[in-house]
Amino acid sequence: MPLAAIIPAPHSPVEIREVSVPDLERDSALLDVELSEVCGTDVHVQAGRLAGVPYPLIPGHVSVGRLSRIRGEFFDVEGRAFREGDWVTFLDVHRTCNACWYCLVAKATTRCPRRKVYGITYGLDDGPSGGWAQQIYLKPGTRCIGLEVEPERFMAGGCALPTALHAVERGEVALADTVLVLGSGPVGINAIILALMRGALRVLCIGAPEHRLDAALQAGACAVLNIESKNEEERLEWILQQTNGRGADVCLEATGAPVAVVQAMRFTRDAGRVVIVGQYTDHGPLSAEAAFNPHLDLNKKHLHVRGCWGSDFSHFYRGTQIISDSSRSAPWSRLQANLSRYDLAHANEALADVASGRVLKALIEPSV
Amino acid sequence: MPLAAIIPAPHSPVEIREVSVPDLERDSALLDVELSEVCGTDVHVQAGRLAGVPYPLIPGHVSVGRLSRIRGEFFDVEGRAFREGDWVTFLDVHRTCNACWYCLVAKATTRCPRRKVYGITYGLDDGPSGGWAQQIYLKPGTRCIGLEVEPERFMAGGCALPTALHAVERGEVALADTVLVLGSGPVGINAIILALMRGALRVLCIGAPEHRLDAALQAGACAVLNIESKNEEERLEWILQQTNGRGADVCLEATGAPVAVVQAMRFTRDAGRVVIVGQYTDHGPLSAEAAFNPHLDLNKKHLHVRGCWGSDFSHFYRGTQIISDSSRSAPWSRLQANLSRYDLAHANEALADVASGRVLKALIEPSV
Amino acid sequence: MPLAAIIPAPHSPVEIREVSVPDLERDSALLDVELSEVCGTDVHVQAGRLAGVPYPLIPGHVSVGRLSRIRGEFFDVEGRAFREGDWVTFLDVHRTCNACWYCLVAKATTRCPRRKVYGITYGLDDGPSGGWAQQIYLKPGTRCIGLEVEPERFMAGGCALPTALHAVERGEVALADTVLVLGSGPVGINAIILALMRGALRVLCIGAPEHRLDAALQAGACAVLNIESKNEEERLEWILQQTNGRGADVCLEATGAPVAVVQAMRFTRDAGRVVIVGQYTDHGPLSAEAAFNPHLDLNKKHLHVRGCWGSDFSHFYRGTQIISDSSRSAPWSRLQANLSRYDLAHANEALADVASGRVLKALIEPSV
Amino acid sequence: MPLAAIIPAPHSPVEIREVSVPDLERDSALLDVELSEVCGTDVHVQAGRLAGVPYPLIPGHVSVGRLSRIRGEFFDVEGRAFREGDWVTFLDVHRTCNACWYCLVAKATTRCPRRKVYGITYGLDDGPSGGWAQQIYLKPGTRCIGLEVEPERFMAGGCALPTALHAVERGEVALADTVLVLGSGPVGINAIILALMRGALRVLCIGAPEHRLDAALQAGACAVLNIESKNEEERLEWILQQTNGRGADVCLEATGAPVAVVQAMRFTRDAGRVVIVGQYTDHGPLSAEAAFNPHLDLNKKHLHVRGCWGSDFSHFYRGTQIISDSSRSAPWSRLQANLSRYDLAHANEALADVASGRVLKALIEPSV
């Protein structure tokens, strides 16, 4: 029986347990996990700040590994059958139903009510379904992609890559745009890389702490500002100085702090685009001091503000194609130096290091 | 010298004065005003709530009348020269420069810094430049459209027509959508008409008072709710009941109340579109009770929120085409019963009636 | 065993046979057909002009009827279970896989290689799977919609309704646009109705014969031209006269004649949109006389030309919502006078009448 | 009086003449030309293949130089006044009127009927208005951009840069797309650079001769095919092999050969996008052998085909920003080795070298 690191309940520390693997259904598979990760969502899950989490659960939504067993058939989107032994990753989102109003009429599959996410909304009762385990049970209909890059390079993007790609796509970054990224966590760093790849001439980043801003510069940001050193007014002034007094063409908010939503709107030029991708957890309503002014911040600015929830297979696929291509993967190679590895026994430490921002990205190696 | 109704300064009552007409520049004209209007913006101008207003000024931004004098040449967009005696209306927006970054790079002409609006940002020093006067001086470059409909029919749309058309266009209403209009003033009523014209299957409206909701029903709304009779929670429940529990596909906010911005987001289905066109005046930041929650109201909803500022010639032209066409004008014909006419001497009364919502739409007849 | 009208092979006349109903799989159903239809595609199928048709087959792709038997569960997109006895229609497209590159990456489900269509690419070997039969076997995953309108009203739209809706959507018809519809068959007539519903100010139609142009006028076209009475040059002149010399804003080509594709481009104004929805069958390459000029007809015109293949559930759902709503269904009510009904025994006559254009729309009543 | 190279009439060789400089109107300027260029359009102008050219004329539409005289004021889009001595380039398009239906309603300024282009539709009668002259008279309203890069680097992009940028924008290249560029002239080469800059994962190019394909590889193409070595069928096979049998996501046609338009459609995957930017001259209708099949090549493919005419200030501005930025200019630096310089006296030779494809890009140095 494989070992797994489990969050038993909100606020409880991670525990190591042996978990049983169910009989494989037809067209399902078992993955021997090589690497998984700890992301901000896992911190929120442990803190009980996410709705719909079926505790106890095994965290770890984006992972890579080897298919150790396949029952029936498992295909990629090209119709090629996987074989046992293949290295793969898989879309953490499962069971968008292709049958409901959101899937078929609104074509908004990330809002499908039946959507499930490995490591977040699948719990221990669903079998080993998170990456902080030696094995994951890949249910029928799981979308795998064959891995053509070393696992660690892929995990330098991890779950932040499709999330950021979705945000950049939704921001409709145009050639020669100036893009402002708020937040210097993994999503922010990936957003910097991808905004540049999509043609932004300059990407600015406001974040913290310093080592993450260094990563932002490595990722290609032309200028960074430490949020801890400047108040909102000074930050606005900094942006305006770099944009002929107008603000950024596109702002990608990836912070986790509600107050950043209003700042994103203020730091963007009139008629620009704001993508909100940093509010994945409920931190409650905006405080009075955030002071959103609908006239000045939205209507008169003629602004586009776009919430960006989850990602779908296209984002995961495109991201995987990019990070696997030697002509494009250099920014992630540079990030590999910022990865910290933990075995299952140190999962609590990994969570703490991510929560504090001490590390940029924490990887879990279940088999060590 | 023509008579005009003038707002001398913020909070001052309207005064009637004789105003002098400047010598006509080359390619300019004089318009004998038949009808102008009082809109919510005029109330804000009189209350000193709008930035950039050069008091004293003659209000009245959308007007119709006859060209009594033309110096040089005046063309419509088809290249046809106007003649003295022609009935016309004109785009109130003047001098978007076609030379600045906003006009040429962002293609966001409603945010051109040199943009001027007759009756709002042109003052008495610019000559008679508002519709509450017997004559308006049409400067070179003013965009006129020949009127092919009786003046009163046209003014049943008035300035609300291009504003609402812009909002409906920006809301990308799709065939068979359910649209929610917040607000039952002239912009809201025109938004109902135009959302239906663009293919909405059902339009719901929340507003007040009762006589405006009657106008909303006349305009084609399939159901209305009096905001004064229900609290936010009850309104949400009302919307959900009519949308299979999801919310509206598109919400057009046209209220003037900051709190409505957050409600617009809540009343809209996940991945839907919200257009904010009702925040033309600065009422200060959102109060604490409005309590915008970036996670629940925006990011998780995967919402599009779009500020919508002003309108450009295309909106004015398309709106004029529609209201002038007998196959499309019926909803505005029905609204004509809701128009109240005032001469210049009763402009203060007109302002008060608009401010209180006692009338749906007030017209000014300067020549009576 | 139900009776069915079958096309045994290309160029063979329709035959009436008894067909056997397979054992119902889990979550499948049987539909007692009330009405099906004969569309242009059926004429092409009988003439052997369509690739991928598995003869022998039962034609009839859009149909209505009553669920006489359900095995397991059958849901609509709202998650409501159907019951035996319910009146329904169903999307003729089945088995877009939600697993391939076209479904998941390109999001172009009408090009999914596994896509199957009842009555066209399902043959007799797949069970009774076309509407020219007393019963249809609805396989698992078939998307049904409960019918809230009398069957004949619904069939006045028929398969042309979602096809035309898709074309109008793809044409991005804007408020006050002038739309030109080429072709006055069922798709053309539905395109007229829907273009007006989406806000076109005027819809022009070029087609034949006269009784179909009468239907076009009933549907709301403001002017029609009989293609048989005018050559291409005269038609162009006619269009230009009605559009200030520019051409239509949007042209929806729904003719079936290859030469119309180039004419559609010429009849459209510079920077306008052309939707090609009338080339569902291979009539071979354009003849030399059609003489497409890439410089004049496409590049210099700065034109958008969009092929439009099939339709998906959203088009079918939106169309069904519209035609079922009393506030919107009037144009189709008027068309009901143009429907011709045939029993199974007269299916060959129905095909001939559709092929010749003698009738606008032929319905099949299998149970008479 | 400055010297200029003049095309006196169609089919006539270029002549050198002294030209007189008119009195400067208010807010106009004189530019001392440093570098101009010879592009394919100039070859067509000399061959009399372009409509609307007012012979005699001075060719050369995109140029750089120094403002030697300014009368009145000359501003950039930021509102900064130029001074005599400033290095600038300028948008060759002049006088899009901002007053006609195409400018104001269709918002398609490249189709404005009053649009004029320096060096193409301005002739000698309009003063020295082409770059093959020691001075150009910049009329009021000419849009200049201050040059922040050495002239030769800028001219490595030249007029092909905004043209290609417009095409890439119109092709809506998405992150990780495979793009196919047809043609390896300056527009094709710039399209390769910009498609990669906008996020294409791989760019393929079909063109000729070999030295231009070398330039295509330098520009970043991952594979090239010499059109002279393969017939259409073999080219299609080559494309399919590199795209999992589907064709390119986006095809940018920049060839000048009408037959390429149909090939562009065939080489593109279903539901992909084709941009036609290579048909700037009338080569007559497609020959019978090109054999465009509306069913197979367009409708069934569900293709987007977009003509792309000219470019506007936004394309020119964004292109100039990019090529002037050291972080983005490397591909053009590499192209500088492919530039050939000619003085005015050798303009005929330059035209011949461009016509034959012997050189990739010919620059004119009028002051040498």
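By letter and in written order, the chains are A, B, C and D; residue numbering begins at 1 in each of them.
By definition in this document, a contact is a pair of C-beta atoms (placed from the backbone, for glycine too) under 8 Å apart; a residue touches a chain by one contact, two chains touch by 3 or more.
Computed from a prediction, not measured in an experiment: that's the story for all the values here.
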Equivalent interface to A-B, taken from B-D, C-D or B-C so that over half of the residue contact pairs match | C-D
Where chain A and chain D are represented by their mean Cα positions, the distance between them in whole Å | 40
Separation of mean Cα positions, chain C and chain A [Å, integer] = 42
Taking each residue of chain C in turn, which ones touch at least two of the other chains?
-> 78, 101, 244, 317-318
What is the shape of the graph in which nodes denote protein chains and edges denote touching chain pairs (line, ring, star, complete, other)?
-> complete
Touching residues (chain side chain C, partner chain D) in the complex = 101-102, 106, 108, 110-111, 244, 246, 249, 258, 261, 269-272, 276-286, 288, 291-296, 298-310
Touching chain B in the complex, chain C uses residues 78, 165, 168-169, 174-176, 194, 197-199, 201, 222, 244, 317-319, 321-322, 325, 327-328
Could you pull out which chain C residues touch chain A in their complex?
-> 75, 77-79, 98-101, 104-105, 107, 141, 143, 312-314, 317-318
